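Let me begin by presenting the structure, written as structure tokens, before commenting on it.
Chain naming follows the written order as A, B, C, D and E, and within any one chain the residues start at number 1.
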């Protein structure tokens, strides 16, 4: 059906791009989640007033286009002579971006654990940390997981913007091939399909877990 | 200073734009090739170090330099006064003539024929700035900047735009590939010659001095003509302007 | 011995406890009755230090609960508390619910904690529910599990805060029976309750709270038979 | 650490130009929301229609919109359609891309909102003699909008952020386009993009605030 | 006149109505009693065509409800129905709730619809709540509003499905009073109810449903005084 000049080599090139997408996503989601959990716990712990500066700071990452953040972050690291490779810069910005969203998820999830349940734990002589670890963490994880999966998918898609800094991820790899082979529709369709194949199973897993855990046993 | 740093580190890192044939592009194995790539290799050889090509999209050239990820830009960068406020430019190492390429269906045969049509160019380039000004002057038609040269030609061959002004080298290289059916170079654009320079940090006088001499040597030794023949072909553009020093 | 001395406590501008004095001896069962919002729950949460107090003192076995130096986590191990709302940990089975604190707080070995949990669950009649998740149990069963969970810490005192009031009428009996059993075993208990019959039956003394004041305290026969406080008279007339 | 001198003066001179760009950005975002909402409604109805073809179409749209990058969708709207000879101007391509994305996400929100409206509401409407369409329009839809209002607001903020992707299809009049052009001209990346970031942040906040106000006025119940 | 002739109806494999026959004359008040799940609600929703039936016929003023040719939207205008769950439209004020259908379905002018709405709301005692949103009202007020909303269409028949059973006991009275008033005004009504006293008082006839069968139907004095069906005897013993 398709008469294409695309070679297996080129497909490999695309898949390498997909690998870069996954690498950027993986690093950013891991670091962002870690930060998000820490910030989220801090926010719940010190209350909305004291956390206001943190909230404001994180809100910036949710109110400015990621593209602008990336370019700005890159310009900043260059001015500050940090000498980061584009991969590092991308991961740093994307991590903060992820953390901003993750903080909200974590905060909501912790708030959703009924205070009476936490009281019961403390009444048994558990310390704050034990309460957090054995009661809050497992319960909050169930609440947070579907949104967290949504966030992960979001970051994977948004990571396409790192092409702006010269990283050859999936979308950039497709553009390179489009430049050489001049078959935009075909190559872009493959690119879209790969994105779809990367995210669809995770999306389904999210839906499944949501269904499974929402009545909660 | 930086010159010493390069020599003692043993590598020269050049910022090169790789979707700008014939100056920089990728071959079928996706390895970097082009005039700028060779030029960087020559510079490295002169310094007695090995070259490292760092691919940078157009917008990434300066941040890469500022952050110290590259030492020198060999990236077809027009030496505008505006930019010289930010980075240090060498004397021109290459000069572009501007050519009009049009989609055959648009029926454009000259620069003037673009009046009232939809035209495009690579955002922020010398020719894009000049062309946008021209469209405004004509008072009709539309100008569209694209982020890469490749996108401009893609848009042109799809008929999204009717014509483009680009450096003649790029125009010829693209038409020659045969990748873009239905487009052809139809004439010269009466813009000033676009002189492009090597660039590095503004305050690195020692290095800038070296770069100036290197450009001079390339012309003197005939290497410039040789590279030009290899990648572009045809009349060798003059790198000097009569009546003034630089 | 729990000694409550002139305890005052406000939420914002609302004074909820207006100088409460009460001493509960080892082995004694004191029930607390009173209208909604009279401060009963607040008193209980002050006793185990979940809420700070504004003035006065609370001593448990001579340790001042709200003193800076007091290790509250340690103190709470000897005061079991069961709340009105069922507080099962929904992600753990019944057995795990009961084992958790002995293991993590007391540092018991798994087998020891399990033995203790099984013992207490058998005690409250849930021996056949060990592997069940709380959501699959009735409210009465969840409350009994909460009691077992508190007992598994081998507390010296137990506080009960209207443990039956969120239950369907037919489930109230099974929980009250469990409380009766504990009382008969000599546990020191403070029970906040609306079940007058129960209060009359098991209490050594009954305290009546009204608007943050302990308006009357007496043996049940006396308090129910010849209430002196006019508010208490009204309250008893309304509830029966 | 910094041997870079900021040229804020020069950058601020371009502020009027950038604010004009911000207006274009807002315009695209609002338009794309209007179109997106209309299509989202249509997709929701398709899904409810019971027709396999219509609901399949709706599901495909929604899955593609939600599972591929917005940048990809916009690029596709310009160069993908371009290879069929369908030529959208950068403005239209950007608008189409964002509206497509909005419609997909909003339709998914509507589905959730619809679930939150009990069946008995429709029943009550029908028993008063309303036709199915009347019951949907007069009873279900207004309530659905309330449930979906917060997600709609969020999507609006997203739409604003997405407009920045227009630079990839030759958009040069919106805020990101203007900024990028100024940057390419002078290489003063940090200054221009910092100003752009502030403006984007301000727009996003104003929109959020406006939405809160509207919600407060509209949903009195 | 509502004529129900040998109506059968199943949900999946569950037969909910097993051949019901019932004729309700103009001006008559029929109450329907019976255990949960006996098919009472289902019958009502079949009468105004919200649910299809499997066999049999339902005629309202001679029009067959489930015939293909019947314009159900038209037919429903003359059959008002009020459900157990309060079905106030939460996004509209009380007045707008009542005005909506007259305007949109009957095409009344705004002023006319408003006059009608005010009249009916006054009728059910809600004249002072016109601008209130349903969420600010008690369940009893919401039910009365639902009645006014149905009446505003000037229906010939009214169907009531346990309109008081989701209400707090102290609110039941006000809604029953409204029903009594309607009955005394000569409205033709079918009321499903658990309020035996009410049924006895207002009904011309009382029907007892059991497992999809109308086991007994008689005047209230007879049905309550001398129930014949053994299930009905059990049912009455349990409810009183």
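Operating definition for what follows: a residue touches a chain if its C-beta (ideal position, glycine included) is under 8 Å from a C-beta of that chain, and two chains touch if they have at least 3 such contacts.
In this text, all values refer to a predicted model and were calculated from it rather than measured experimentally.
Visitor: Counting hops between chains that touch, how far apart are subunit B and subunit C?
Guide: 2
Visitor: Which chain has its C-alpha centroid farthest away from the centroid of subunit C?
Guide: B
Visitor: As a test of whether you follow the contact definition, which chain pair has the most C-beta contact pairs?
Guide: That would be the chain pair A-D.
Visitor: Centroid from C-alpha atoms only, then distance subunit A to subunit D, rounded to Å. What do you get?
Guide: Subunit A and subunit D have C-alpha centres separated by 20 Å.
Visitor: Nearest whole angstrom, what separates the Cα centre of subunit C from the Cα centre of subunit D?
Guide: Averaging C-alpha atoms per chain gives centres 55 Å apart.
Visitor: Quick one: report the Å distance separating subunit B from subunit D, using the average Cα coordinate of each chain.
Guide: Roughly 37 Å, centre to centre.
Visitor: Give the residues of subunit C touching no fewer than two other chains, as numbers and ranges.
Guide: Touching at least two other chains: none.
Visitor: Where does subunit B touch two or more other chains at once, residue-wise?
Guide: Each of 59, 62-63, 66, 154, 158 in subunit B touches at least two other chains.
Visitor: Quick check: what residues of subunit D touch more than one other chain, meaning two or more?
Guide: 3-4, 79, 82-83, 167, 183, 189
Visitor: Touching pairs of chains, which are they?
Guide: Listed in label order, the chain pairs in contact are A-B, A-C, A-D, B-D, D-E.
Visitor: Can you list the subunit B residues touching subunit D in their complex?
Guide: Listed in rising order, the residues of subunit B that touch subunit D are 58-59, 62-63, 66, 80, 82-83, 85-87, 120, 123-125, 129, 142-147, 151, 154-155, 158-160, 203.
Visitor: Which residues of subunit A touch subunit B in their complex?
Guide: Within the complex, subunit A contacts subunit B at residues 9, 13, 71, 74-75, 77-86, 163-166, 175-176, 178-182, 184.
Visitor: Looking at the complex, which residues from subunit C come into contact with subunit A?
Guide: Residues of subunit C touching subunit A: 45, 48, 50, 73-77, 79-81, 83, 85, 87, 89-91, 100-101, 104-105, 133, 135-136, 146, 149-150, 153.
Visitor: Okay, in this complex, where on subunit B does subunit A touch?
Guide: Residues in contact with subunit A: 19, 26, 28-30, 55-57, 59-60, 62-69, 148, 150, 154, 157-158, 179-180.
Visitor: Give the list of subunit A residues in touch with subunit C in this complex.
Guide: 114, 116-117, 119-127, 130, 134-135, 138-139, 142, 216-217
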